[in-house]
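These notes open a run of structures that come right after.
Note that chain A is present in both complexes that follow, paired respectively with chain B and with chain C.
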Partner chain A sequence: MTAVAVTGIGAIAPNGKGTDAYWKSTVEGLSGIVPVSRFDASGYPAKLAGEVPFDAAAHLPSRLIPATDHMTRLSLAAAEWALQDAGVDPAELPDFGAGVITASSAGGFEFGQRELENLWNKGPKYVSAYQSYAWFYAVNSGQISIRHGMRGPSGVVVSDQAGGLDAIAQTRRQIRKGTQLIISGGVDGSLCPWGWVAQMTDTRMSTSDDPERAYLPFDPAAGGHVAGEGGALLVMEELEAARRRGARIYGEVAGYGATMDPRPGSSREPGLRRAIVTALDDAGVNPDEVDVVFADAAAVPELDRIEADAIDAVFGPGKVAVTAPKTMTGRLAAGAASLDVAAALLAIRDGVIPPTVHVSRAPEYSIDLVTGAAREAQVRTALVLARGHGGFNSAVVVRAAR
Partner chain B sequence: MIRRRVVITGIGVLAPGGVGTKNFWSLLSEGRTATRTLTHFDPTPYRSRIAAEVDFDPQEHGLRAQEIRRMDRAAQFAVVAGREAAADSGLEWSGVDPHRIGVTIGSAVGATTSLEDEYRVVSDDGSAHLVDHTYATPHLYDYLVPSSFATEVAWAIGAEGPSTVVSTGCTSGIDAVGHAVELIREGAADVMITGATEAPISPITVACFDAIKATSVHNDDPEHASRPYDSTRNGFVLGEGAAGFVLEEYESAKRRGATIYAEIVGYATRSNAYHMTGLRADGAEMAEAITAALDEGRLNPADLDYVNAHGSGTKQNDRHETAAFKRSLGDHAYAVPVSSIKSMVGHSLGAIGSIEIAASALAIKNNVVPPTANLHHQDPELDLDYVPLTARDWRTDRVLTVGSGFGGFQSAMVLSRPERSAA
Partner chain C sequence: MTKKFGIEDLTRILREGAGGELEGDFQDASFEDLGYDSLALLETGSRIGREYGLEFEDTAFVDVETPRDLVEVVNAHLLSHAARG
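Showing the complex of A and B:
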């Protein structure tokens, strides 16, 4: 089967804008979780977020500003950085040779709140002409394809937080069918009052106001997560073609598996373990070849239990390093998983596993959680896990290119 | 490697003019229209006041009280259409490993109607910017992220395989089914429940299409407002609905003696990379998608018996896709019948691509090409056979269906009577 490589990374995260800034903070254990500043959150139960302040005018053409939500602007920046990092200009590729496949969760929700306010306060004639596309789920794929002249196969998947991995899998599928290059992943976020209230209804958001105690997966004090914005976009290409053009190869997307949990109330096993096994089989990798697992890290005790059990069942208790750098960014909706894939590839490059910050592993878990400081280790193969509200489980294996 | 062949063995349609596949096909084959003056809310302040609405009582279709409370209307549509397809397939579901059943559902705007209803409550009709969380429904997260549609269908059927929502604007309904085909071909699943759903008829959706003058203003003649290819057309008519399918690997479907509607032999999508709502006049990207879909099915343009067009009823679209058909099909573009069912059931955004796949499969089953209703004065710049007004008895073995949407997405799918597919 055709091998598919990652040749460019554009990360934009609460603890660093740009791949270098993000990775430096992440290895050093620097968190970007702060009290919400985008709006007055003092009256809401959840008060902290992973925010990405962004001067759009400095990064984007002015005509795009009135037509885009904040998260689309972040995605346009990440796409540009990923292409620069890969050393590719899609306009120079053959016609229909490049596409864009992103994950979305809620679309441009802040833009949508403003237009709902216009409609219900002032009337239909005050709704923006951009509303028809600025909020919808396909907006980032559309805007990125237009900006970079990418006319090949594009797509958009929505599977809550698991979508970031599903987009990468769909990208690999399209590259195997013959598309030369695809920008893939997710950059997301809905940090506006309406998006905040909607996110809180999943009952998994932390109500702590202490940035160091708010998001503690696998910790005795686990009490939900912090929501954030940002993510990563990756340039993916067929491995041999990338080598021929002399591209720097971060690694290979070697395996993928996706499952749904059984219906609530079912006594059947949750789907995460099966997603892991499927991804390892797909990659042709034995569990003992995996050097690190980037956990979904829900920080909800029953969900942490399911994840720790799945990791133990596949690898054996304590047999593989596990980490959750998203403790430094919060959960970035459809952006979280592709940012973890970026971190996994950078871990392979630098031989370092970034830490799970502020967490003391609860004694009931036997996973080898990398807490405190980053751990130096040879990383050849990494597994990234992501779960979405409603039962989505996805797993991706990345490894150093052979 | 022998490619696994993928066939449609079950169909469920919930379209304006009648719930159920049978009612849907009656409407199309009789050339009746289901567009009318919008009734979901008072349309008086709006520019376009027409819609293609589904008369739908969820209780009548077996949904329980908590399901109705929890699910957006589009999720309800998806579950009902999915269940109809599941029953229609005749598959013994208890004998299928849930791990081998996946779900892909298309939707362009998700739970937008429930989101707007809930927004009105938490903002007190728009008056509070810092909306009041104490008034939020516990189901709001399921409206926020429409992957809940795939979850609901998976729960309804008992699927535990790979599942997702595909949201590529108005091509979602083709792309979701195309994605399902790929999952069966690569062996990630043996059975897929797929299709698409949309229930977008809400004030914010109507207002945003008003703002760009995309929707029809034949407000005085709502039954005849959707007029693709007609000189008097002035925009699309917003619709709602869903279609669900059961897809299976061909050999196993044949072994169990399933009724096979059609094989999906080719699928492709391309982007115009041009404009979020505009289309290049030459139709190059749609043409490329059509050619790629035909190539995947190892078919030539002349093999096509019918083209189920996007035909939304905007001048821009009509010219764009007519150019795309000529560019990709050559002389055969003039010989093959081309029609738009949006003339009858409106444009249900992300759902319509799947509803049109259902129409294409039923055209093969019945050897009937549905017409383009309301086509009395063909635009003189358009010179193909658009099958005006009445359905045509027509040997239909292979159908091309296409979609075009905001964001620049252009998708094409080719269906074939399985015994007539190129092996």
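Showing the complex of A and C:
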């Protein structure tokens, strides 16, 4: 099978804007979780978020500003950074040779809420014409495609947090079918009352108001997650073609597996373990070759238990390093998993595993959770896990290019 | 006295509603060349309508290609609006 590589990374996260800033903070264990400032959250049970303050006017053409939600602006910045990082000028690509495949969970909710408020408070004449697409969950793919003239195979994947991996897998399929280059991954977020209320319905959001105690996966005090915004977009292309053009290769997307959980109340096994096994098989990688697992890290005790059991079942208890740098960003919906893939590739590059911050592993778990500080280690192969609300399980194996 | 709609009014409303920097003599450039798509014109028409108390029929801007065309359409609507009282 054609090997597919990542040659560019554009990360934008609550603990750092730009790949270098994000990675520096992440290795140092610096969190970006703060009290919500984007709207008045005092009346809501969940009061913390991973926010990405962003001066759009400094980064984007003024024509794009009235037409875009905050999360689309973040994604446009990340896409531009990823292309620059890859040393690619999209204008030089064949017209239909490059595409955009992103993951999304909801769309531009902050924009949509404002326009619905205009509709109700002032009337239909006051609703922005850009509402027609600015709210739409496919809007990031569309805006990136238009801005850079990338008209090849494109799309959007909606499977909550698993989407960041599912988009990368879809990208790999399209590259294997002959597309030269694709921007892939997710940048997401809906930090507004409408998005907040929608997310609260799953009862998995932490109600702590202490940024250091709010998101504690695998900890005795695990009590849900903090929501955040941001993510990462990756430039992906065929490995040999990337080598021919002299590109820097971060690594190869070597394996993928995705499963659905059985219906709630079923006695059948949850789907995560099978997703891991499928991804390892697809990559042709034995469990003992995996150097680190980037966990989904729900911080809901039942879900943490399922994840720890799946890791133990595949690798053996305590046999593989496990980490959750998303404890520094919050869960970024469809942006989370591609940011973890970025972190995994940077871990391969730098030989360091970033920490899971603020967490003391509960004694009931036997996973080798990297807590406290980053751990130096040779990383050749990494597994990234992501689960989406509704039963989605996805796993991606990335490895140093051979 | 009928209120007149000028190119400077259009420039301001375009910037507010659809962004962009308009400089020099752009009255006869096409909106397409200026970087404004049909949605930008829809938003601009909506804002002009709100500010000047006008209703534009759905086809009002169909033949509008340049800022000068748009200014003429708006002024024609202002005149007929005034004539209707």
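By definition in this document, the second predicted complex is superposed on the first by the 402 of 402 C-alpha atoms of A that agree within 3 Å, B and C clash if a C-alpha of one lies under 4 Å from a C-alpha of the other, contacts with A are read in each partner's own complex, and residues count from 1 in each chain.
Everything that follows uses one rule, which is that contacts are C-beta pairs under 8 Å (C-beta built on N, C-alpha and C of every residue); 3 or more make two chains touch, one makes a residue touch a chain.
What you are looking at is a predicted structure, and each value in this text was computed from that prediction instead of being measured.
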After superposition on the shared chain, which partner residues are touched by A:Pro61: those of chain B (first), chain C (second), both, or neither? second
Please indicate which partner A:Gly43 is in contact with in the superposed arrangement: first for chain B, second for chain C, both, or neither. first
Quick one: classify A:Asp160 as touching chain B (first), chain C (second), both or neither. first
Mind telling me which of the two, chain B or chain C, contacts the most residues of chain A? B
Which of the two partners, first being chain B and second being chain C, lies in contact with A:Ala129: first, second, both, or neither? both
Check the residue A:Met150 against both partner chains and state whether it touches chain B (first), chain C (second), both, or neither. first
Taking the two structures together, which residues of chain A meet both chain B and chain C? 67, 125, 128-129, 132-133
Which residues of chain A touch chain B in the complex? 39-40, 43-45, 67, 95-96, 99-100, 104-107, 109, 112-113, 115-117, 119-121, 123-125, 127-129, 131-133, 136-139, 141-143, 145-146, 148-160, 163, 166, 170, 173, 190, 193-203, 258-264, 268, 271, 274, 333, 388-392
Can you name the residues of chain A that touch chain C in the complex? 61-67, 125-126, 128-130, 132-133
Residues of chain C defined as touching chain A within the complex: 15-21, 35-36, 39-40, 42-43, 46, 49-50
Where on chain B does chain A make contact in their complex? 45-47, 98-99, 103, 108-110, 115-116, 118-120, 122-123, 125-127, 129-133, 136-148, 150-151, 154-155, 158-169, 175, 179, 182, 186, 188, 203-204, 206-212, 214, 268-277, 285, 288, 405-409
